[in-house]
Amino acid sequence: MSDIRPELVRGLTRPRAAAPPARTGVSRRRALQLMGTGLVLAGCGVDGQGGKAAVGRSDVREYWSGRSGNGRLRWANWPGYMQDDHETIKAFEKATGIGVTYREVIQETGPWFGKIQAPLAAGQSIGFDLMVMTNGIQLEKCRQLGYLAPLDRSRLRNFAANAGPTYRNPSYDPGNAFTVPYQSGITGIAYNTRYVKDEITSIAQLFDPKYKGRVGMLGDSQELGSFGMFLLGVDPERSTPADWERAAAKLREQRDRGIVRKYYTQDYVDAVSKGDVWLTMAWSGDVYSLTSPDVRFVVPEEGGTLWTDNLCIPRTAENPVDALTLIDWLYVPANNAPLTEFVNYITPVPAVREIVAADAAKATGAERRELTRLSTSPLVFPSQADLARLRHYRRLTQAEETRYQRIFEPIAKGS
Amino acid sequence: MRRARGRFTPYLMILPGGLWLAAFFVVPMALMVSLSLQTGNLVDGFRQTFHWQNYTYALDTYRDAFLRSLWYGLLATAACAALSYPAAYWIAFRAGRHKSTYLVLLLLPYFVSYVLRTVSWKLVLTDNGPLLGPLRDHGILPQDFHVLDTGFAVVSGLTYNFLPFMVLPIYVALERIDPRLVEAAHDLYASRAQAFARVVLPLSLPGVLAGVIMTFAPASADYVNAEVLGGPRDTMVGNVIQAEYFDNGAYPVASALSFALMAVLLLGVFAYARALGARGARSVLDVAAGR
Amino acid sequence: MTPRPREAVSGLRVYTLLLIAWLLLPVAVMIAFGFNDAHGKQNFRWEGFTLRWYAHLLDKGDLTTAVLNSLTIALLSTLVSTVIGTLAGIALGRHRFRGGGAANLVLLMAISCPEIVMGASLLSMFVTFGVPRGYPTVLAAHVMFSIAFVAVTVRARVARLDPAVEEAARDLGAGPWTRFRLVTLPMIRPGVVAGALLAFTLSVDDFVITGFTGGATVTFPLWIYGSTRTGTPPQVNVMGTLIFASGALIAVVVARRTAAAAGPQARDR
């Protein structure tokens, strides 16, 4: 490499050589011409589409009539949401004969939406027949923009029989018109008992100056805003713009008093287990899979957020029937159990608990300990008391969303 | 140079590159300027309305992040220059036969992916990590001292990640200096400090200047370092642009911020090159021609 | 270079070595954690030595795909941008022509343009024209930013060539293609190689622009970033270590060859 380096840099060492003095005038004029091109193109716009979230029986019939299984399926998911050896997928392929292409291409909901929006708007395939999206702003947009296939519930018998009550008819998708839960999780508080001697029970403690510089918050504006509202005793789902302003003021104060150490996107787990932060907003499954005896997870007494990663079918899918088959297959408790044993988030199929417990009874040694821990964990199988305290994100119309974002986004962005 | 024959040769040669850059650089930039003046949202679509308020809103709301980016970029650039110069100097003048080896050693870390490097940095800087843990346990540092999630961590991360952009131009400028010039200075009774200040430093200045240009722009616009290493008040404009684009779908606001950033950086680079570059570039050419 | 013992500044030497150590520290951490016997999904606490992750390197199918994407995109974009960029560099370094100033300006802008602005503007264009994002768009973007670097590097080399050499070749009756192949190309080869290597490095390491233009195509840096949500698996460290090691190996071999070939006085100009 070294023999080329001098060469390489010599070119870059002399940016002036790019425009010899006599020609800079031309260059400047040229720059203005280039900008002129921009103004010519200024007429272009990006077309949008109206709201299509309402769905009737005829829509469902219209979408599904004449469609049949093709024996293959392409599934987009998040990393860490499937066993390394794809055990569950292999079982599905064996049981149904449908070949699955599984890709871990979703890293964050926002960027994922940015990636699929253009092809979906143009009615093109996104290359996947099934995807997993968290309830929230982007899923709401997908619903409103008509990007999702309406689900034919007559083909979701197992879902009807086995889904837990919390997971049916969720407020973010009434009647499961477009989505069915894959896994869900709780946003609560994780704290490290090596550093925090008090018992943490409430969100108010995240605002306690005692923990100055040791508190982690999630930077996502829906997560952050919801916790601000819980602090005020407001249910985020029923909140008004006035509540948002009040919550934002509290969160801003928390930041400006130096209590917040960092706004995390997702890497808070190692921070709390290493002691960089002592208490932090956290997702249940992360804390469970941390397997650290020092880090505890609580659902705060003011409330916590229950979010759900949902299976949904893009309207432009090429193999929607196969996707629907997979969705329903996952709702057979015996099929779902191995997945839950790996993923450690909350399964929407409560009957899985008995299967895990039975597996634990059969197993020995470390595996038995692990399965027992799983089947008795309130993080994976939350108690009714915990579930009763959980709320959903606020559903936002486009106009509300702009307002909501302008209130909460700058807080985590340090402005 | 221009000849009647083959007058079109340069145009033919530059055509593919020119077209490519026009299609994937110039046109997108123009579109971005256009988008920055539109109103609307993803659901209803965007319309061109020459809405200059996108700029005032963006710069008003995110003024802190914007100014912070320039400030952190400047600090990182200065730190890069200060750290690079002595090492580049030693390698160019004193490393002898092992010059290339040292240069390679200096550049080796950059074979590791940028994201991975930054994440590893975080492991090093963590409160109870290999660096700070022992110091604090022995009472050398106060209990609540931390580096991770501070502006210092961000600037040090930027410095770490953009150092090669500074080392290389400085090294090349130094390496071109004829050692006989330094000897001549000594023969004229210049002290070592004098020889350095009057001969080496001026001759290597173009390298430093080029390094500044190449470091400042990417460092100011970076967002990975602030994201991974920064605290609540260390967000840079890159983070804002990214969030406005992806999380909020606020394409016009994100475009306005992008264009404002680009304009400020380019104006800075041009002004800087104009003020300092010509003299420096000429002096390098003089040295080269003098051999 | 003539040795001047009186001026041996050992302080600077120590400083340089310390700087190198500082730069290598995170790399050492990365390599070490590729051997970590981690049991949970998180890999940041030392739990003992293992070679397990090397044996199970390819278990994460999507990680392997991402690494392969990174490598093929880097190779293809290097190939294309080196050819196109070299042509442009020769044109700009040798000829003065109308529009040359503007071309130089665009090159300078492309080099100093922040990555995030480039990525964002490309995304704006693809969105506006409804171009689906994926492997081809990433490739186009990588070629774009590499062309500028290759062209500038080659231009610098060409500008320092003695035009008399080519003229002599012409006087001896060599046609344009022969002149290019036998005279110009060998003389500018270091510049071309430098540009190509730079293009490869920039492409394989690119995170920001790929993130904006990639659609559902995932490269190695993107996969790492995504995996921080559930814990970066040790295989990432292993992949990083292997890429680092092959890069280091190539660099060391090249450095050795130059050091051996270069006498104390020899320089490459």
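All chains are identified by letter, namely A, B and C, in their written order; residue positions are counted from 1 within each chain.
FYI, a contact is a pair of C-beta atoms (placed from the backbone, for glycine too) under 8 Å apart; a residue touches a chain by one contact, two chains touch by 3 or more.
Since we're looking at a predicted model, the values are computed, not measured.
Placing every chain at the mean of its C-alpha atoms, the farthest one from chain C is found to be A. Among the chain pairings, B-C comes first (most C-beta pairs in contact). A straight line joining the Cα centres of chain B and chain C is 16 Å long.
Chain B has its Cα centroid 33 Å from the Cα centroid of chain A. Within chain A, the positions touching two or more other chains are listed as 1-3, 5-6, 8, 10, 12-15, 17, 34, 44-46, 108, 111, 114, 117, 267, 270, 274.
Shared contact sites, meaning residues of chain B that touch two or more other chains, fall at 26-27, 29, 31, 99-101, 103-104, 107, 175, 213-214, 245, 251, 269. Contact with two or more other chains is made by residues 44, 100, 106-108, 111, 123, 127-128, 225, 228, 251, 254-255, 258 of chain C. The residues of chain A lying in touch with chain C in their complex are 1-8, 10-15, 17-20, 23-24, 26-27, 30-31, 34, 44-46, 76, 78-81, 84-86, 103-108, 111, 114-119, 121-122, 124, 126-128, 266-267, 269-270, 273-274, 286, 289-291.
Across the complex, chain B meets chain A through its residues 26-27, 29-31, 33-34, 37-38, 40-48, 50, 61-65, 68, 99-101, 103-104, 107, 126-129, 144, 146, 148-149, 168-169, 171-173, 175, 206-207, 210, 213-214, 227-228, 230-235, 239-240, 243-251, 269, 273, 277-278, 280-281, 284. Considering their complex, residues 1-2, 6, 9-11, 13-14, 16-18, 20-21, 23-29, 31-32, 35, 83, 86-87, 89-91, 93-94, 96-117, 119-121, 123-124, 160, 163, 175, 179, 192, 213-214, 217-218, 220-224, 238, 241-242, 245, 251, 254-255, 258-259, 261-262, 265-266, 269, 288 of chain B touch chain C.
Against chain A, the residues of chain C that register as touching in their complex are 39-42, 44-45, 59-62, 65, 100-102, 104-108, 111, 123, 126-128, 130-134, 152-157, 159, 190-191, 193-195, 197-198, 211, 214-216, 218, 222-223, 225-231, 250-251, 254-255, 257-258, 268. Across the interface of their complex, chain B is touched by residues 1-3, 5-6, 8-10, 12-17, 21, 34-35, 37-51, 108, 110-111, 113-114, 117, 137, 141, 144-145, 213, 220-221, 255, 260-263, 265, 267, 270-271, 274-276, 398, 401-402, 405-406, 409-410, 412-415 of chain A.
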